[in-house]
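Take a look at the following structure, please.
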Amino acid sequence: MSIPNFIIPDLLLLLFPFIVIGSRLFCDAKSNVPWRIANIGFLLIFMLLNFIPLAGGEGRFFICNWRVDDFGVFMREVLVVSAILGMWFSKDYFMHAAAGKPQMHQIAEFIGAIAFATFGGVTVVSACDTITFFLGLEIATIPMYALTAWNKQDQLGSEAATKYILMGSVATAFELFGFSYLYGFAGSLHFDAIHNAVAAGTSPLLWIAVLFLFCGIGFKLTLFPFYTWAPDVYEGAPTPVTAVLSVTSKATAIAFLVVLVYGPLAPVQEQIAPLIALLAGVTLFVGNLGALKQYRLRRFMAYSSIAQAGYIMVALLGTAAMAKTAIIYYLFVYAVSNYLAFFVFGIIGHHREEIFDSLRGLSKQNPSLAIALAISMFSLAGIPPLAGFFGKFHLFFSGATTGHYMLIAFAVLNNVLALFYYLQLVKSAWVDEPDGHLNPLRLTRRQRGVIILLSCAVVVLGFLPFLSDNIFVGFSGL
Amino acid sequence: METVLFNLIWVIPLLTVLACIPIPATCERALRTVHTASVSFVLLVVCVLTYRVFALGAAPADPASTPFALRFFTDIPWLNAFNAHYIVGADGLNMLLLALTAFIVWAGVLVSYKIKGNQKVFFALIQLLATSVYGVYMSFDLVLFFVFYEMEALCMYLMIACYGSGRRDYGGKKLTLTLAFGSSMILATLFGLYFESGTGSWSLMEISKVTLPMDFQMWAFPLMFMGFAVSSSLFPFHFWSPDGHSAAPTAVSMLAAGVMMKMGAYGCLRFAMFLMPEAAKIWLPYVVALLIFNVVLGPFIAIRHKDLKYITAYSSISHLGLIFLGLAALTPVGLRGASLQMISHGFLTGLFFATIGMIYERTHTRDITEMGGIMKKMPFLGVGFVIAGFAGLGLPGFSGFIAESTIFIGAFQQDSTLTRIVTVLAILSITTTAVYILQTANRMLHGPMPAKFQTLTDGCFREKLVIVVLVFCLLLIGIFPGPFADMLDLSIAPIFNRF
Amino acid sequence: MNLMNCLILAFLLFGIGVWGLMRRRHLIGMLISIELMLNAANINFISFAYFTAQDSTAGALFSIFVIAVTACEMAIALAIIVTMYRRHHSLDADQLRDLHD
Amino acid sequence: MINDMTLGYLILALPLLTFVVNGLFLGNKCHKAAAALAIACNGIAFVCAATLAVHYFTSDFAPNKTVLFQHDFLTFAGNLAATIGMLIDPLSLMMLVVVTFISFMVNIYSVGYMREDPSAGRFFSLLSLFSFSMLGLVVATNLFQMFIFWELVGVSSYLLIGFWYHKPSAVSASKQAFILTRFADSFFLFGIVLVSYVVGSFDFSTLNDLSLHAFKGETINLGICTVTKAEALVLGSVMIFTGGWGKSAMFPMHIWLPNAMEGPTPVSSIIHSATMVVAGVYLVARLFPFFAICDNTLKLIMVVGAFTMVFAAVIACTQKDIKRILAYSTLSQLGYMMFALGVCKIGQVVVATGWTASTFHIFTHAFFKCSLFLIAGSLIHQVHTNDLDAMGGLRKKMPWTYWCCLISVLAISGIPPFSGFFSKDEIILAAFQSHHYVVFGLALLTSGLTTFYMFRLFFLAFHGAPRHEGVKAGHVHEDFAMTLPIVVLAVPALLSGLLGKSIFEKFFVVGKLHVPTLVKLSHASWIPVVAVAVAVVALALAWFMYGRPKSNIARALDDINRGPIYKVIYHKFYFDEIYYAVVRQFIFGGVAATARFIQDYIIEEILAFTVWFTHKLGDLVRTAQAGYLPFYLGTLIVGLLLWRFIGGLPL
């Protein structure tokens, strides 16, 4: 039996962690071989993904239970990009310790874990029944627990991991409960069957299932009030893990919701809309409020990412095609801007504590880095012509297709709040004078390269039409 | 060819920024030369095009641009995801505003040769700001317009907070956030316009073809109008401008007060009032009530201030109030007066802030009580300031008088009680304007001079050039208002026809 | 012995889990109550599979998967708690106060 | 061949040219060239004006209006268009001649007066700016043009009063003058807007042959009240008059004029006596038919004029600052002109005599008052003070000045055959004919007062023993450049009345009106006799008090131990103090402070509260993040229940 080529990247992604980790057996701890393999492997997968022709419609099926539709393809790209960036970002932490944190070891296993998480995300978007769906979610989550506790010496890390896994298990319990009721309602695990059942008619069982599912995933997507773990975990976990967490796990979670809302639950989207709108509004408001007076960088990013989650939820109110377009595009933009910010923080964090005051005098000390920071912040704040604005514009546009103007008005007004705290960060980098003399920051070639790459991406990704086209054209069919 | 030139207007600043990236920040001389060259070129281009528009007069324009008669009309598909187009063009109003911008940007670059700090970044930011303003004044697609309109926030904060003076962080935040607040209100309505109009297009001309549902207009118009009015510092959203201006460096004050504050009024006229005329007819009479603060109380507040930039800021607030008086009059004369005031006040306040900046550079204080008699030491700058003052209090011969009298006559034609009252109050408050302007000029330029100012020097050639050019513009409009009025009337007619 | 009873049982189990989670301060105890909640879900699956669902194998299958998954989840949890114990020398949830605003 | 149009252009262009050239190029470098240019241009302008006048009055179409040229300036809605043109009729021609002549003289005079001043170039350029604006004002064809030049006149006056800007007094005086006139102008502008809205035109020709009946019908909403258009027109006329009210410094807006004497004396002589201050009168005269149909406007004008006349004359009797005396006399003369225009109305009937008399008085007054100021200037130039204390006994030292001064003083006192007699006599006659006997009496009284204070000035300045070291030491001499214009001006001061009378009575008749016009009433022949008698008595009194060799000068000049009434008058009825109190306490301290309070303590506070509140909410969110695991777990459960109940799911 011949393997269809659109499945190859997934298979590679599945084998990839084993190869990387296995390579450790054949070379000593210091060697760079696993790192090289990892780079080649991920880039190869990314290339292959880009070669998959867009099919439109229902997508293609692999042994009838593994769907690769266009949304899936793009989600794969997002996840792989996030994994690659996370890997590049983490490299420095394995070479020398960050300020105030012990040095990290076992990069091969680290990358393997990231790869597993990525594969989990891929599983979620390719699932056609709830078992696969649930497994994907778990595969995506469990490595994250491990990653959070990667620094066995680090007290905060282990505490964060404990909090994370305890709450995560509860959330898993919620989801399972939800799935069980969904199963009970539809009498089947297959999405199409559920879809038909839902279309046929609703019952309290269904709504309880929906409630539990949303609460469960609300934990992973850091919706209100399930976000409480995020600030602590973001702060406690090693910085590269925080970066991966803020992109990959969010991407997985939102993909989960998209598949759910536009898959089996599509017939009742209108009834769910109020819940989505509420979650979106409250979450972005609370996230913005929480970020207002932060002075620790990663905790700040945690709240900002909570707010971003709220913005993403707005898109779920729209029609399928528009929402998927918006979310994919936004995730790309969000990943790029977020990683840009994290790269800058990482460079700072290698010399000083990761707080706002460490950024003082950055514009004098290393202007290009300060510009990169400003770009990423303004992009996250959604200021045109940076990519972040167009991302948010997509989300709101998708939300507006069903006429939720008030929610959008609320969301854009919150943008002002967001702009305020992003400006706080820009201020400390651009305006505040350093207390004493700062030793100049030394950037490795990889860091400089990545920062330039990401900055350019953030600047042009938005308004250059051909870039946006090749991402969206696939959905014109949906 | 002309169309290409026209599109270059906003491209050139960006290209200049890119061109300057390889130049190290240390050789400021080269940077200044490059930027000066680019802005001068843009100025040249804009002047030529403005003349072309004037020469074409009422000649038929591209039919695709009806109901407007847009020159250099360009329409290219841009973001297919939501069908946004790149639609630019210009009629008399746009072209004059573009010319104003070009002049102010040119002057702004010239006055900030001596700015402290990283000049590379500063000039780059000025150019970005220029791009955004040019873009605003030429784009007729809502998305494109908004992208340009919101870009300003990106530059303003950094420019004020890094290169400003006094409470620069506070001022910069206040300004940026308030403007962002306004533009967020606009953004909220844009989606409504797109979906409620049902044309599936962001183009101004397309949307204007359908009549928007009344219930939508009723909430969308005030939202959009106030959103725009925020950046024109209409009461109660004026609080950002005094602090912002006083904190900002000279060039930024010039750009902010000279052209950015006009973007709001322009938006009110071109977008809010044009797209939702029915609601405008209902709402605008109430807007007039807000003007009592701008027009009547603004000058009084200026009287009580000692800081030159605060005084100028409040005078801007009152002058912009007049713009809204003209808009709210809903008569052709009033609209024309409003747009005349936009242009005239741009030059006027540009001159004001330019001279203030130059004086500040020398005296290192903006407190008029600490100054005095500096007319002896710097007659040229002093005369420049006095001329700005006279233009500001609406002296015939300068553009201000033309604009204001047009607004008064136009506003008086509106036969609504509130408008009548406010118009009369506005006419009577030209005295208050005179009071604070003369008081400032006298305190600062005349009387005995403190010993510490003995060493002051008059403006150098560069600064004199700026002053002369701006004064020339003021006089040109003031003495030959005819052509400008005609250009504006042509571009206002399609807007007024909707009422 | 009908569906409703099983559902009520499952729900009670879930409630007990929640109650335990709230009451307990000992991390292991909390893990156990989470186990209860997970198993409540399992009972749901089984009972739905037994009584109503048209493809009843799926439900059973799912519960088996759940057991497997929760097993490894618990493994990781215990590992983390062990490292945590090495640092904090206590398993009291109230002691975890280093990370906060 | 030079035709009238070219002349017209020249008259306006030459002063402008002087202003630009002197201001931009000659400026502060070469004063001589600046002065030469100024004198030359103004001289030619005067010649042009004179030629134009001769050509006009000898041509057959006098006294009709003609428009020499007209250019579109700004077109408002429909037919409402502002134009810049040149209107020629006896009135404007008279003003043209007067203004050009006076400015010519004053320019010559300034050569001497400004000899030592370092910034004489600026002075000449500003002087020319003034004459340009004034000429533009008098030839205006419509209200809009008039307002334009009206403002320019005000500005040039501001700049010239504050010419010595290092003198704080001068600066504040200039500010006061500008702001007060500006205050009046704001009403003027309102009047223009209102009238042009009702009538639909700025043109004097249109305004001057309106009939109110056309406007009785429809009403207009003035915001606070709704009135018929006719009433609106009346209001408009009052507003327009308010402009003149301020410009001509009628009571109570008079206080800026005496203070304006801080400026250089040539400025006072041209702007604040001869030309600019009569602009108000000119405005009323120009729009006379319009005012005449607006019911009670003329009455108001009369009352204001008459009161100012007496008020100023009384104050003038006690002042010691020579320029201030002249300033107050200017005020009371302006009062004459104003009320002369005002009294023209008897019920619905209009008498032309008052109008003729007023314009005639503008004409004669310009010469003698200008010359008086120039004389005062040269006195001050010699003794370096405005104060009568330091003068006296100058007759020997400055004979020319002395005799010219005598002529002017006699002229202003209305002694025949000097010019003042004829015009003032006409005015008093007009007052009598219109049966306003109170005003008539006041006019007689004032003419007596005028004679008194003018001769008081005259005697105290020239007669008696010298009270100034310089004079005693004999350092005093007459400067040719300053004496020449004085002498030249003495001629019209002597003759203009005699010669002018016939011309004025022939040509200066009010144009067609919609109200029946009585061209002439019986000339009460006893009036001039009485007037002259009053004047002579007053003269005698003045001689008795100040002129006699043995009269007590010290007592006359003493202002300390005086009766309360004298003190009150001497302090100008404390009007400056009241004015400052009102402005400082009420306007600045009251309104402005309140406005600033609203801004700083209400709006800013609301803003601050919003920010504070948001931050408080933020703190709330952050206090939830206490790092307390059970609480976190609790949020999961709470969230579940929360969305269960308010999630909007159809459960």
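The first chain written gets the first letter, and so on, giving A, B, C and D; residue counts start at 1 in each chain.
The working rule: a contact is a pair of C-beta atoms (placed from the backbone, for glycine too) under 8 Å apart; a residue touches a chain by one contact, two chains touch by 3 or more.
It should be emphasised that the depicted structure is a prediction, and the values quoted were computed from it without experimental measurement.
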Smallest number of touch links from subunit B to reach subunit C? 2
Need the most distant chain from subunit C, centre defined as the mean of C-alpha atoms. D
Quick check: more C-beta contact pairs at A-B or at C-D? A-B
Just how far, in Å, is the C-alpha centre of subunit B from the one of subunit A? 42
Give, as an integer number of Å, the spacing between the C-alpha centres of subunit D and subunit C. 96
Distance-wise, how many Å sit between the C-alpha centres of subunit A and subunit C, to the nearest whole number? 26
Chain centres from averaged Cα atoms put subunit A and subunit D apart, in whole Å, by 77
So which stretches of subunit C touch two or more other chains? 21, 30, 96, 98-101
What positions in subunit B touch 2 or more of the other chains? none
Residues of subunit D that touch at least two other chains are 622, 625, 627, 629, 633
On the basis of the stated criterion, which chains touch which? Give every pair. A-B, A-C, A-D, B-D, C-D
Subunit C partner, complex, touching residues on subunit A are 129-131, 134-135, 138, 142, 145-146, 149, 152, 154-156, 158-163, 165-166, 169-170, 172-173, 176-177, 179-181, 183-184, 187-189, 231-232, 235-236, 299
Which residues of subunit D touch subunit A in their complex? 614-615, 617-622, 624-625, 627, 629, 631-633, 635-636, 638-640, 642-644, 646-651
Contact footprint of subunit D on subunit A as seen in their complex: 162-163, 166-167, 170-171, 174, 202, 204, 207-208, 210-212, 214-215, 218-219, 224-226, 228-229, 231-232, 271-272, 274-275, 278-279, 286, 289-293, 417
Subunit B-facing residues of subunit A, complex: 325, 329, 363, 367, 371, 374, 378, 383-386, 389-390, 393-394, 396-397, 400-401, 403, 405, 408-409, 412-413, 415-416, 419-420, 423, 426-427, 430-431, 463, 465, 468-469, 472-473
In the complex, go through subunit C and note every residue touching subunit A. 10, 14, 17, 21, 27, 30-31, 34, 37-38, 40-42, 44-45, 48-49, 52-55, 58-59, 61-62, 65-66, 69-70, 72-74, 76-77, 79-81, 83-84, 86-88, 96, 98-101
